[in-house]
Amino acid sequence: MTGQPVLEIRNLDVDYGLGDQAVHAVREVNLTLHRGEVLGLAGESGSGKSTLAYGLTRLLPPPGVISGGEVIYHPPGGEPYDVLGLSDRELRAFRWAETAIVFQGAMNSLNPVHKISTQLTDVIKAHQPNLSAAARTARAREMLRLVGISPDRMESYPHQLSGGMRQRVMIGMALALEPQVVIMDEPTTALDVVMQRQILGQLIELRERLGFSVIFITHDLSLLVEFSDRIAIMYGGRIVEEAPAETLYRDPMHPYSQGLLGSFPALRGPRRELAGIPGSPPDLRAMPTGCSFHPRCPKAFEPCPARLPILGQPDAPTGGGRTVACWLHPARVPVG
Amino acid sequence: MTIPTSSIDQVIPGEGAMAQPDTAPAAKAKRQRLRFVANGKAATGLIMLAIYCVLAIIGPWIAPYDPDARSNDLLAPPSAAHWFGTTHLGQDVLSQILVGTRGVMLVGLTAGLVATVLSVLIGVTAGFLGGAFDEALSALSNVFLVIPALPLIIIVASSFTTAGDVVVALTIGFTSWAWGARVLRAQTLSLRRRDYVEASRATGESTWRIILFEILPNLTAIIASGFVGTVIFAVMSEITLAFIGISSISSWNWGTILFWAQSQQALAQGAWWWFVPAGLAIALLGTALSLINFGIDEFVSPRLRSSGKSKVKTASGQTVRMRVGFTPVLASRPVRATQVARSYPAAPVSNGKVNGAHVAPRKEEVK
Amino acid sequence: MTLSNSAPAPAAGPASGPATEVVLEAVGLTKHFPVRRKLRDLFTREHAAVHAVDDVNLVLRRGHVTALVGESGSGKSTVARLLAQLYPRTGGDILLHGDAVTVKGGRRFRAYARRVQMIFQDPFASLNPVHTVRYHLTRALKIHGNAGRTADDLERALADLLGRVSLTPPERYLEKFPHELSGGQRQRVAIARALGANPEALLADEPVSMLDVSIRLGVLNLLRDLKERLNLAILYITHDIASARYFADETMVMYAGRMVEGGESETVTQNPAHPYTRLLIESAPDPDRISGLTADTGDRGNGEPPSLINPPAGCRFNPRCPNVMPRCTVDLPPRIEIGDRPGHWAACWLYDPATVAAQQPGSAAAATEEAAR
Amino acid sequence: MKYLLQRIAFYLFTAWAALTLNFVIPRMIPGDPVKSMISRFQGQMDPDAIESLYVLFGIDKQAGIWDQYVDYWGQLFRGDLGLSFTSFPSPVSEVIGTSVWWTVLLVGITTALSFAIGTGLGVLAGWRRGSWIDGLLPATTFLSSVPYFWLGLVAIALLAGPGSFFPSSGGYEPGLVPAFDQYFIPSAIQHSLLPAFTILISSVSGWILSMRNMMVTVAAEDYITVAHAKGLPERRVALSYAARNALLPNVSGFALSLGFIVGGTLLVEIVFSYPGLGYLLFRAVGAKDYPLMQGIFLVITISVLLANLLADVVYMLLDPRTRKEG
Amino acid sequence: SDSPNNPNANQGEAATVLNIGMPNGPQTENHNPFLGTSSASSLGYKWMIYEPLMMWNPVKPADPAKPWLGTKAEWSADYKTVKVTVRDGATWSDGKPLTAEDVAFTFNLIKNDKALNTGNTPYGDITASGSDVTIKFGEPQFVNQNKVLQQPIVPKHIWETIKSPSTDVNKTPVGSGPYTLKSFTPQTTTLVARTSGYWGTQPAVKELRYTSYTDNNAQTTALANGESEWSFVFIPNVQQVFVGKNPTHHKIWSPPVLGIHGLYINTTKKPFDDAVVRRAMDMVINRDDIFVQASSSYFHPVVKSVTGLPTPAAEAYIAPEYKGKEHKVDVEGAKKLLTDAGYKLEGNVLKDKSGKDVKITLTDPAGWSDYQTSLEIVKDNLSQIGIAATVDKANQDAWFKNVEEGKFDATFRWTNGGATPYDLYQTIMDGTFLKPIGQASPAGNFGRFDSPEATKALKDYANASDDATRTTALNTLQKIFVEQMPMIPVGADNVGAAYNVKNWVGWPDDSNPYGAGQPTQANSLDVVLHLKPANA
């Protein structure tokens, strides 16, 4: 099922502001999402994960602008096209039907003044205007059942639901049109671990049934390792490493990835030695030259401050399907 | 004559500010305090206000004539000698406006000050102490809020035997604190629960120090906005009182000028110069204060800030408006994807070329 | 910053070791928040209350970190605030060096605050944005008379304080406003402020949950370092049970306002006894459990924590508990020693010898016991 | 429901406080209705009439303040507001009754209209930030700072000259008898146009500004982004998601402004000699007509309270969150 | 349509309507002729419905009153009794005859209800016999004779059933006048001529429309555009605003009456206790400027005579020694007067005898624009003789109180008006009103003018039983006034009108001052009865 790309992000650049004032929050990101896979996106706060997610669907609020790149979408059986080149009308039709998004705060994602049913059906109405009202309601009920909420909560207002229920409603809503891609931006950070597991479990189960692809964003690496097929690590607006989850966990190549993994105390197994990442995240307005991680990197050596490492397949024969941007592992085949 | 509802409302949009306790501005307060002045609207407003303040001080000296002095140019239209024309007694309207500025500013500022002090005292105490105290004080301010202010001011002002500037200012001040108190109470209530207040309590700070040094500084924007709002209201009320002949102000103010113009039926006599300058002076003062308020609003709620440019040029030379929901795309051409393929020839689109004319398909077509 | 802190000597149980003088102790601590009372409630019969904390016993020892874990809303912060005397309590006692203390404000509160200090969860919220680092620290020093007599003394005290939390050189930080600092730096300032009082006990309420992954460790290591150097008693509150394992000597688990399990950290995390602790640990993300999304994890109850206004009778976990017994819905389980390690206990009928025995005959035994009462 | 009950309790309390204030204030006013009447006639009224007027108005003897207070409430419950001094012995309720409709119709309709237009434009301005409507904002700010009455004066000067379509004063053509017929209604409308425009122009900007700001604030909410992400038609996002939520805080503003109808636009009525309640209050104050003042103030206060109550109900209907708990 | 507003309903009769306006604001329906607060009094239409016994012309106060419902009135020599003969043949609009009983009833009604006795007249016995009514008084009524006989008479058969005449609104007025009520709205009251039964000649005006404009502005506009044909209102710049709009038809007529406006001076304050100072002030105050600028060249006709008596109304009363003596501004004369009396003019500052600067505060309520204007002019004038004046704009209530209690330096105020100069002088000089500073004297003598001689002269005038005594007393009063100047007269009250001669002619004017022009005056009925269609 994997292998076929569904979404290709090419050289995406996203800025906040214009001209000299611009903050380059996402730079030259290349990423391919394959059909049916869960792609994890990790990195610490401010590394540009959300910006990337919003940017590829053009949902960034002002002053965000997309300053370059393209996002090629491959509809099943259709001709691929660039999402960034769609007109407003086309984009509206594209949204939700092809890519749905689940945002971090479910409380704020649901319109407080409309009932759940309204919010579930209006998206169906917008995209499938020919469907009868009854069919829409039926579909909405089905979606609720799918995410484990009793359909008699249809007529509730968001504030009448608990945080977990709201989040599940959002997931249900995201799946209502059976999109190819679901982007989830920290969908569970506000929730309890118990609840978090419950919801993610449900999601994975649904993916198995419906076959959509997921971009899953969080900075909790241990969560990602457990849940995703592939993981991309972001740092300072760039992807610094990308690999299958297991590979990344066992053998992170980029020092930043190593640092991230070393920061998590493990609950089980032998007590590991914890090594944090010294220093603080870079200021996007004044990025370090060369590799932006070099000021914090314990293994930095002479090319690091000077030249930017390119994301590519590392030389070392460490198994296929992984890329890294680090001078320790110079690229054999650059991506993009 | 009503307070522009927008002014204070926006500081706390509904209960919004309470719902999202820690927004960026709180964290960046100090730096932005200066940026507030850099705000275009606020700066314009402040400059205008400064001019008014200067006029309030030096007005009587730079006035070309004694505002009471009669001349033989009865009801003369604007001329070189009398820029704003004269009244039915041959008094110089310009001089009256200049001399009248002081009274207006004085009453406005005094009333604003009184109302602000009251609203801070009542609002912050109620919000901080809570309990029965809070219930009583908020009931009080709610009552004052609901009781219509202008009629009340008219009735009260007309009840004083010597309604001088001070009395008018105090009357206005004492009847118009309620709105500010309510806003401040709500804000204090949310501040009181902030960690830094709790933290300073845990450090062992005394209650009054917490109110004065931890809470009040964080309310400055709201207090300032309330102050400006009340000043607008006070100026309008004062002018109204003078205009309908209720306040017995011996000195000139713009309302007095309008009163004379109205009672001498300046309109019927075609003496537009008699009431136009005073009205404009009021309107411009009001505008200045409103602008300052907008500045404060934008400072408090950064979303209201118009972020520099609102239009961007894309690579193809098209101008696109920045807006929510549709992020502008600068580099790739906005129209057709075929051109994308051409400018990035390496794009490894797996099955053939990118079809530029392709429109996002409907769901039905996909299935 | 890469402090290689291996686990503390695992043999050192809470009862052993010389440096375990008790600083602060909570006995039967209880806090009920009245549900906001309106005028009309004056006429209703009973006042509803949030049972935020019920009958909590806790001991903080010198040079010892006690972790308090539990899900959101289980009452952890309330416990901390009660210990800091920021809330009046509904019941129970707080013993400082064995003496019951109740202070509300004024001088006695200051005296208490000098010995027990609290660090708040959110470093972004716990520093007043309008004041500089200098102001925050100076106040902490002045209030507790640690500022010395002269301006020089003060400078020295400030530098010392910042040095203790590794913010050096001090002059680089003193004049900064909170927004000019990173999260980790802010949390350090908050800790420095607490240290300004020169306390014996530090109540750290989720001191790292708002911090970024890479910074967390630094702050935690700092706290551990302080514990060791200053011989502080630390209460470490978190809902991240993994960090409790690494950082605390002893771990207590709270559920819906009650303590449900306690013991040495390693024991509690590796051999959880209470069903809730088990659920918690199972739910925590675990990289080693790749493709571990088994169906059973998804179906642990409906995931809804109980209402604290009308908490369930008996064990509060009973509506979600997979091992629920009839007795759980009736009787409140007491602390029961598990016996695997000294000091490991759980408030669960599963470990009651009587229950264990009665398990086989079925619910009849429970019924007879019911009758006996 | 509890929410509503609680609000009603609040309104009852406020009404009591306002009514008591209403009782107290005129008693603090030192003026004297008889003297005011004499002064209005400047010498053409016999000074000997003073005494007979005191007797006539029943203010020649004073009851204890508490008795007066009790009496006052008694009268209120009987719906008796006393007799007006200026048009003695007409009951205050009757005097108010003749003018209240003018105000309610003119200012009420105008305020509602202004709210509707202002909100509509505000929605547009807030939604399409940076479009041409934003260019109007400075002008709007200026207009909202202009005193109503001055705008009225200018309007009269510019538009209501002799032979103009716009009459400069009054509520209808003198000589007409108020009736619902083809002569009176057009005349009444014609007379209300200028005052209405005046109020509209100077009040609409306030709504535009506040609604715009609310829209801008709301447009940055997550659920708006979600609505966009859902690919909903722009109209639906703008109206059903953004405007619907942005409207909520303005509802109470609208209620307050309904309350200000009388007080706030008194000057428009003065300038246009419009026979409404505000003008009546102005005259009552001038004539020291306490009963009338009390009556008007009462009407104003009650209407403010009712408007607020209404706003609460509307708010409750619009915002499901308030429906749950208080 | 049967709408009252249908213009066709009145078609062909357009010229039979007279539009009268008053700037009194919306009215509430009240046709009670006894109450000054009723709409009938406020707009003046009570005089069209109810008639007095005698029709007195305030413009020529010394002329005898015209018989009206009474054919003659005989006063006793001491003016304590009057016997009125009631006209035969007058009927009420409900058809009942008007008798002496009605007259006696009316006066008894007033006598028995203090609230109705607006003149505070000391009524004694009132009896009717045949067509005669005899009214006795407790005091001589020489100065009040016309006021008494101006009382509108009401029908006994209706009013005896009214329980509380002082609070009744008299919804369906029944009077003896030529008009009856047709309709009432807060803005407009319409009267129509009786078709039959009126004792006098039928009026040419068939319908009277009284419109109450909300204020002076509205009234002025209505006059200027011809909407309103008859009114009494202050019009600033009247020539431009009203007359100039249509000079052939728009007329203004403002005959003075025996009541004046002027500057009261507190005679207890130094140096204004010195008559020399007051006279000097009088000499510099420019009455003409005030007339032109404060009263729009008509509203308060200049008091020219040095005696303070307005002419021509008081022509007949002016003492021989003052006949023709008119006030003139004489700055030099004033300065000489002052320096001769020991005052010093140093540069622009007048020093009193003790060497102090002479200063004065002029006060009047803030809202009274004509008085305020006058004060501004006075202030300017006084500066010519070095008196530094400041104008204080007081609160109306405070002003009232302070003036009555004598707490002022100088203030513009009116005097009472009457049928003789008595009321005028009484307000200024009567020692019986004299109260210490701080105690209110509401009826007059605000300046605390203490002259037993004047007090005696006033008393003599009111109580005399022969004309010679009265003349002597009045001459004495004039002499005191001129020499002491207790109050500086400026302008007179007027009872004139602004009227439009496009449709109706026959209005009183200078050539034929047969009555007051003001539509609310008692003799307005006389004016209406004089009107004839312009094109007839």
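We call the chains A, B, C, D and E, going by the order they appear; numbering starts again at 1 in every chain.
The rule is short, and it goes like this: a contact is a pair of C-beta atoms (placed from the backbone, for glycine too) under 8 Å apart; a residue touches a chain by one contact, two chains touch by 3 or more.
Worth saying up front: this structure is predicted, and the values here are computed from it rather than measured.
Peer 1: How short can a path of touching chains from subunit C to subunit E be, counted in steps?
Peer 2: Minimum number of steps from subunit C to subunit E: 2.
Peer 1: From subunit A, which chain is the farthest off, judged by mean CA positions?
Peer 2: E
Peer 1: State, to the nearest whole Å, the distance from the C-alpha centre of subunit A to the C-alpha centre of subunit B.
Peer 2: That pair's centroid distance is 42 Å.
Peer 1: How many angstrom lie between the centres of subunit B and subunit E, each centre taken as the mean Cα position?
Peer 2: So the centre of subunit B lies 52 Å away from the centre of subunit E.
Peer 1: Please tell me the distance, in whole Å, between the geometric centres of subunit A and subunit D computed from their C-alpha atoms.
Peer 2: Comparing mean C-alpha positions, subunit D is 54 Å from subunit A.
Peer 1: Where in subunit B do residues touch two or more of the other chains?
Peer 2: Residue numbers touching two or more other chains: 158, 161, 245-246, 262, 267, 310, 322-326.
Peer 1: Could you tell me which residues belong to subunit C and also touch two or more other chains?
Peer 2: Counting only residues that touch two or more other chains, subunit C contributes 39.
Peer 1: What are the residues of subunit D that contact at least two other chains?
Peer 2: Residues 30-31, 168, 220, 225, 227-228, 234, 248, 270, 286.
Peer 1: Can you tell me which positions in subunit C touch subunit B when the two form their complex?
Peer 2: Touching subunit B: residues 39, 81, 84, 86, 105, 109-110, 113-114, 117-118, 120-122, 124-131, 139-140, 143-144, 177-179, 190, 193-194, 196-197 of subunit C.
Peer 1: Which bits of subunit A are touching subunit D when the two form their complex?
Peer 2: Touching subunit D: residues 54, 57, 59, 61, 88, 91-97, 100-101, 103, 105, 108-115, 122-123, 126-127, 157, 159-160, 170, 173 of subunit A.
Peer 1: Quick check on the complex: what are the subunit B residues that touch subunit A?
Peer 2: Subunit B reaches subunit A through residues 307-310, 312, 322-337, 339-340, 344, 346-347, 349-352, 354-356, 358-366.
Peer 1: Along subunit D, where are the residues that touch subunit A in the complex?
Peer 2: Touching subunit A: residues 220-223, 225-234, 236, 240-241, 244-245, 248, 318-321, 324 of subunit D.
Peer 1: Quick check: in the complex, which residue numbers of subunit B touch subunit D?
Peer 2: By the definition above, subunit B touches subunit D via 1-2, 4-6, 9-10, 13-14, 16, 139, 142-143, 145-152, 154-156, 158-159, 161, 232, 236, 239-240, 243-246, 258, 261-262, 267, 272, 275-276, 278-279, 282-287, 289-291, 294, 297, 301, 303-304, 306, 310-311, 321-326.
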